[in-house]
């Protein structure tokens, strides 16, 4: 069988985000099992392990599942990812950190077993800036942008890119850290109220998101000018602020809503059959879709690997090869019942990061829905490429890693 | 009956001062040591090492450290996480600055540096006592974490602020990094734990230990009969932090390999180690082992039983795990407020009297 | 007025408000500590549990639905009714009283006379337990709590203070959150009521006696069980208030239990045993940390609030080891 | 052993009846090995015995305070007015009229002297005026307390604390008082005074006493009946007057020999002497 | 006899030496409470000096002043003829002053043996490192001091409870352990605060014997607070009487016994 560990977190401070993602990830595989009998005839076994967003538990989960022939890890935590990169590499198991984790892992030359397609944090940062450029007719010189970020490895990721971009485009960047868990942000928002930046970008997770949206509403910061990273753009992040959150934006690398044929299958084979991973009430939410998307990409990589190696019960090593040769096309997605769900792209040995296309979502408080307001657009490869090369180069030097390709 | 000490005579005070004055205990101790050093390394695999033994060994070191401060010297500290972070970052800086020096030295030095920091943050204990001190040590906890997060020098200017343990060795055997064999990491930590336990035992049975306990039990009386409170408390902070620093260094370098300070060495860690000490038994070295084992193993066992064997949803298992751990803590306290160590002592006393009830 | 002064004033005002919010949590700690010498680590989780229960009752959630569904394969979630906020609050209070009784009956009754650290440990066990139960009972996803408290900056204050800027373009009037203002009123009422209770009533005196010496209290006929159920109920009520206020701000979810960490420096500064101390401590901490972040934060990279509160409290303690208003530490031989 | 009730020459009714109780601490330490005693209504009963004989333990077993010290009554029964009070709350026992003054004072350190006294009034419901009156009564007995009424009890001297502890019990207007070493640490004239108060209360108000004392001399002077405890067993009992005359009691507990009181200087040998049981 | 500056000879023929400790015009206040009011007295080498007085008279406070725990607002303390600068209590202890406490201050969490061993702290010098390794000096020192402590334990007849945690001991034994702890320090001056409270006559006799023997065998100077007049009159060489913080009498037991002020304030009736 095909073993997919799911290092999920359904408890702890970040459960609200962990639950829908884990549900989506699990439900897609359940659907494949129910509908197709697995992938290429090989049944799928999902091994869920609760991490509580805690690195030690993550290690325990990794160690206890890797022996079962785990094909790919998707830990949904930057901390655990950093943990697993060396271990999994040594064990020859691939890791997929979709839109999180170590950005410079996009360099497949150094990080042979780590993949972060289709987009990473630096794409995200650049995507935000591009969007602002676009809405300002290409000129944001002299504009003030405040970055409210989670004071952790995760939150610090975009800073360097944004700094580079601010040099390039002449905007003024002000970074405001918020400590875990982020319940108290009065100081940061008073400062924003004083400084009156033109835009506020938020890089948050967990309760920090709700509080930020609420505080922004409190100081009546115009929501149109408030943009979150893709981890700050789920329904629960904005719901508690009510109408005041209307117009808040967040970037994304995949589509939203449940308007895709695949959801009919999910409903039929999973939810209605009583096999949903969670309560079944998350279907179609932003993070559910992201989990679903991650599962779909994994399943496609399995198919690729099966084709490459001519076996159905693939090994982690073969899975890695499959991921490296993964190609997602419009036709493929349409065939899966997910037309235009995400960008089409192709992974290569050098580039584990995918195309880095970034779209923008906007929240409509009246209908309580997110909708895509800007298509998936390319990001500043020049700046990002240089940064990736620099950071991965340092890692390679420190750990004496030979080029992989 | 089952547990004998009759016929076990001591003819000198030196003998009476032994760590295990009772022969039966002594043999059991030798057996455990032989098993741990000579048998386990051949059996151990990645899972046992990384998921169970390493955390157990390392937490046991931290628990011994905190037990010295809290259990023996009576100074409740919630800064353990912060001090572990000092050990980890000191070790990291040393490892990257002197790649050719043995890991053994690095870890010891990391402990030493932590001891200095510990003394610094221990100073307020001269005036502040009890729970006030406990809360005051949180200042150290939060400040240290903030500092390591804030000052890029500590994490060698890496983009994310994470630190990663590069590959290092002891006498050519790789100890850190992903290629370290399970048995080597296990033995490395075991050696440190053994050393720490021996030192702790020696200190606590001698003058230093008695000074600590005197301060703990009644600080005013202690001062009046001649204990210099400043010195006693500061040595406790130093020794305790030394151990905690070692555990932090091992935690980072050998166990996790990569660390994000706020997440790994946050306040939760301080609480966790404190729980270990209290559940195990304040003022007992054996208790530190028991507490660490209990809190490392219990969640794993519950997870294995609930999720793997019974196949319940992981979230329900995780919640039940909280419920059960919480309930067990309470039940233990009601049964025996002085921890597993005391439970063990009472059991021994009962065995000694067996089959008579008193 | 110059910018810095205006903004400084605004920071101070908001610091005061933040302080009140911390004090709301700290009050619960003080009550229990005062009455039993127990440092109740579970206070934060109690706030979470109370808020979750309130929400669950309001929307008619079936308790333990997830667990029931998992065991019996059913699909129940809601009763299908909604309960008005006021009634839900009353019901939640009843739940908290029941909780207090259970805690007394099954835990602290058996731990009478133990050392403080042991009692502290028991509350830690309780915190774990309650957290697990809360999640099992109501689920761990975020819940948007709305009991009808207004939110957002107060326009009125903003408009009526704009003149203070004296034409200063950058000044828009003082910002004060309505929710915070309401919290201030609630906190003031609570503090006055609680001070009166503990200082001037027979039960209050008994409560303080219990804190000093369990055995002696028993020996003069004070019913420890009753006293403890009483204070835990009141502390549960205080937790509910804190849960409502904080939950309205950030939704009801796990992190709510971490607000306890914000209350600790307040406690330490005000004194573990003083109800007015909780308020004064809260105000000092609130203003202190906000001002520090405002003035010094930018120079050192920000996010100083967490540790600064503790360092500030520590500095106070060095001069007054029992906090500002705490009971004297009696040193005699 | 003798049946104490029969030899009782004071009371008619037996208030408190302790029947062959056994107490174990920490599940393993057996301290009382079958103690029986009776406290008659209106009598002063003394419980005598050396250090560690188990006097305090007996009193705590009666007032149900053992629980918090991890002690347990494993055998026997305690009856008050004929009903079993074995698993009553200490508070309920106080309501029934039995109050204990604990060994080692146990004042509420952070309460003032006056507040300490008022806690004694906790179980009573007869209103403010009576409370004030009783308070005055206690201050009459212990004028020193009146001077220090506003001080925190934690700061008062050892003897003052002892007065607080006794005064506090008096405030409960009890029917029976279990007094554990009331004379400890008190100045001689105060010892006399306290026993005077005991006698007073006993005679005027009819309060019964069970009195654990080391100061055998005084105790036997005021008590009606006495029990002598050694290593957790009652080794001798009888009317106080008889005990006072018993030569063994005289020698070991009153420090008198044929020639009258010996000087403490002249006690040459301090080897343990004869014991009834050990 | 008393004012001979070179000491005096007691009735039973012991030679008492010069002044060891002299308190000069001590005044101690706690807020409004004056615990000690302008008191002066001295303690001579080798004598047993009693301090008596009603409850709350300030006796314990006086001992606390001697041990450096209370710092008097006024007055001076002379030790061996030299004025004592302000000192922390542990420094006072190092000068050879040991004591017991009125409300037993044993270290409840430790065994009797360990408690008594703490009495020898000031005689043990080995460093942290040597102790950590338990080699050389530390071990040897531990054994040497253990021998001395065992002597004290034998002397006070508490061998059988050597390893018992003190929290389990009855009151009277605790008092004896406390005395053992003080004796283990081999003090020059021993301060005893109500060592016989809560004991019956037999036990008091034992305790008296211990005190006398300590005084005899080691020549230890003893200051003693006690409420049992029999004990005080029999044991002590000289007695200070305090009342409401003031000194109302000072002299031999016989002098004090007949002092009318003392009878009024304290004794009530004249004791014999």
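Letters are used for the chains, namely A, B, C, D and E, taken in the order the chains are written, and counting of residues starts over at 1 for each.
To be clear about the criterion, contacts are C-beta pairs under 8 Å (C-beta built on N, C-alpha and C of every residue); 3 or more make two chains touch, one makes a residue touch a chain.
Heads up on the chains, UniProt names are E = Sulfate/thiosulfate import ATP-binding protein CysA.
In this text the structure is predicted, and so the values were computed from the model without any measurement.
Trainee: Just to be sure I understand the contacts, which chains border both chain E and chain A?
Mentor: Looking at chain E and chain A together, the chains touching each of them are B, C.
Trainee: Consider the two chain pairs D-E and C-E; indicate the one with the greater count of contacting C-beta pairs.
Mentor: Most contacts of the two pairs: D-E.
Trainee: Farthest chain from chain D, comparing Cα centres?
Mentor: So the chain farthest away from chain D turns out to be A.
Trainee: What is the distance, in whole Å, between the centres of chain C and chain D, each centre taken as the mean of its C-alpha atoms?
Mentor: Between these chains, centre-to-centre, one finds 45 Å.
Trainee: Based only on mean CA positions, could you tell me how far chain B sits from chain E in angstrom?
Mentor: Distance between chain centres: 42 Å.
Trainee: Could you tell me the distance, in whole angstrom, between the mean C-alpha positions of chain B and chain C?
Mentor: From the centre of chain B to the centre of chain C is 32 Å.
Trainee: How many angstrom between the C-alpha centroids of chain D and chain A?
Mentor: 74
Trainee: What parts of chain E, by residue number, touch at least two of the other chains?
Mentor: 60, 69, 101-103, 105
Trainee: Can you tell me which residues of chain A touch two or more of the remaining chains?
Mentor: 10-11, 15, 19, 151, 179
Trainee: Can you list every residue of chain C that touches 2 or more other chains, as numbers and ranges?
Mentor: Correct list: 66, 114, 135, 140, 301, 303, 306, 332-333.
Trainee: What is the complete set of touching chain pairs?
Mentor: Applying the touch criterion to every chain pair yields A-B, A-C, B-C, B-D, B-E, C-D, C-E, D-E.
Trainee: Quick one: which bits of chain B touch chain E in the complex? Just the residue numbers, please.
Mentor: Contacts found on chain B: 12-14, 16-17, 199, 202-203, 205-208, 210-211, 213-214, 216-218, 220-229, 235, 239, 283.
Trainee: Using the touch definition from the top, list the residues of chain C that touch chain B in their complex.
Mentor: 39, 66-67, 70, 106-107, 110-111, 114-118, 120-122, 124-133, 135-136, 140, 261, 264-265, 267-268, 272, 300-301, 303-304, 306-307, 310-311, 313-314, 317-318, 321-323, 329, 331-333
Trainee: Can you list the chain D residues touching chain C in their complex?
Mentor: 63, 65, 67-69, 89-91, 93-95, 99-102, 106-111, 115-116, 118-123, 152, 154-155, 165, 168-169, 172
Trainee: Along chain D, where are the residues that touch chain B in the complex?
Mentor: So the residues of chain D in touch with chain B come to 24, 26-30.
Trainee: Enumerate the contact residues on chain C facing chain A in the complex.
Mentor: 7, 10-11, 14, 17-18, 66, 69, 73, 75, 77, 135, 139-142, 144-146, 151-153, 170, 172, 175, 177, 246, 249-251, 253-256, 258-259, 262, 289-290, 293-294, 297, 301-303, 305-306
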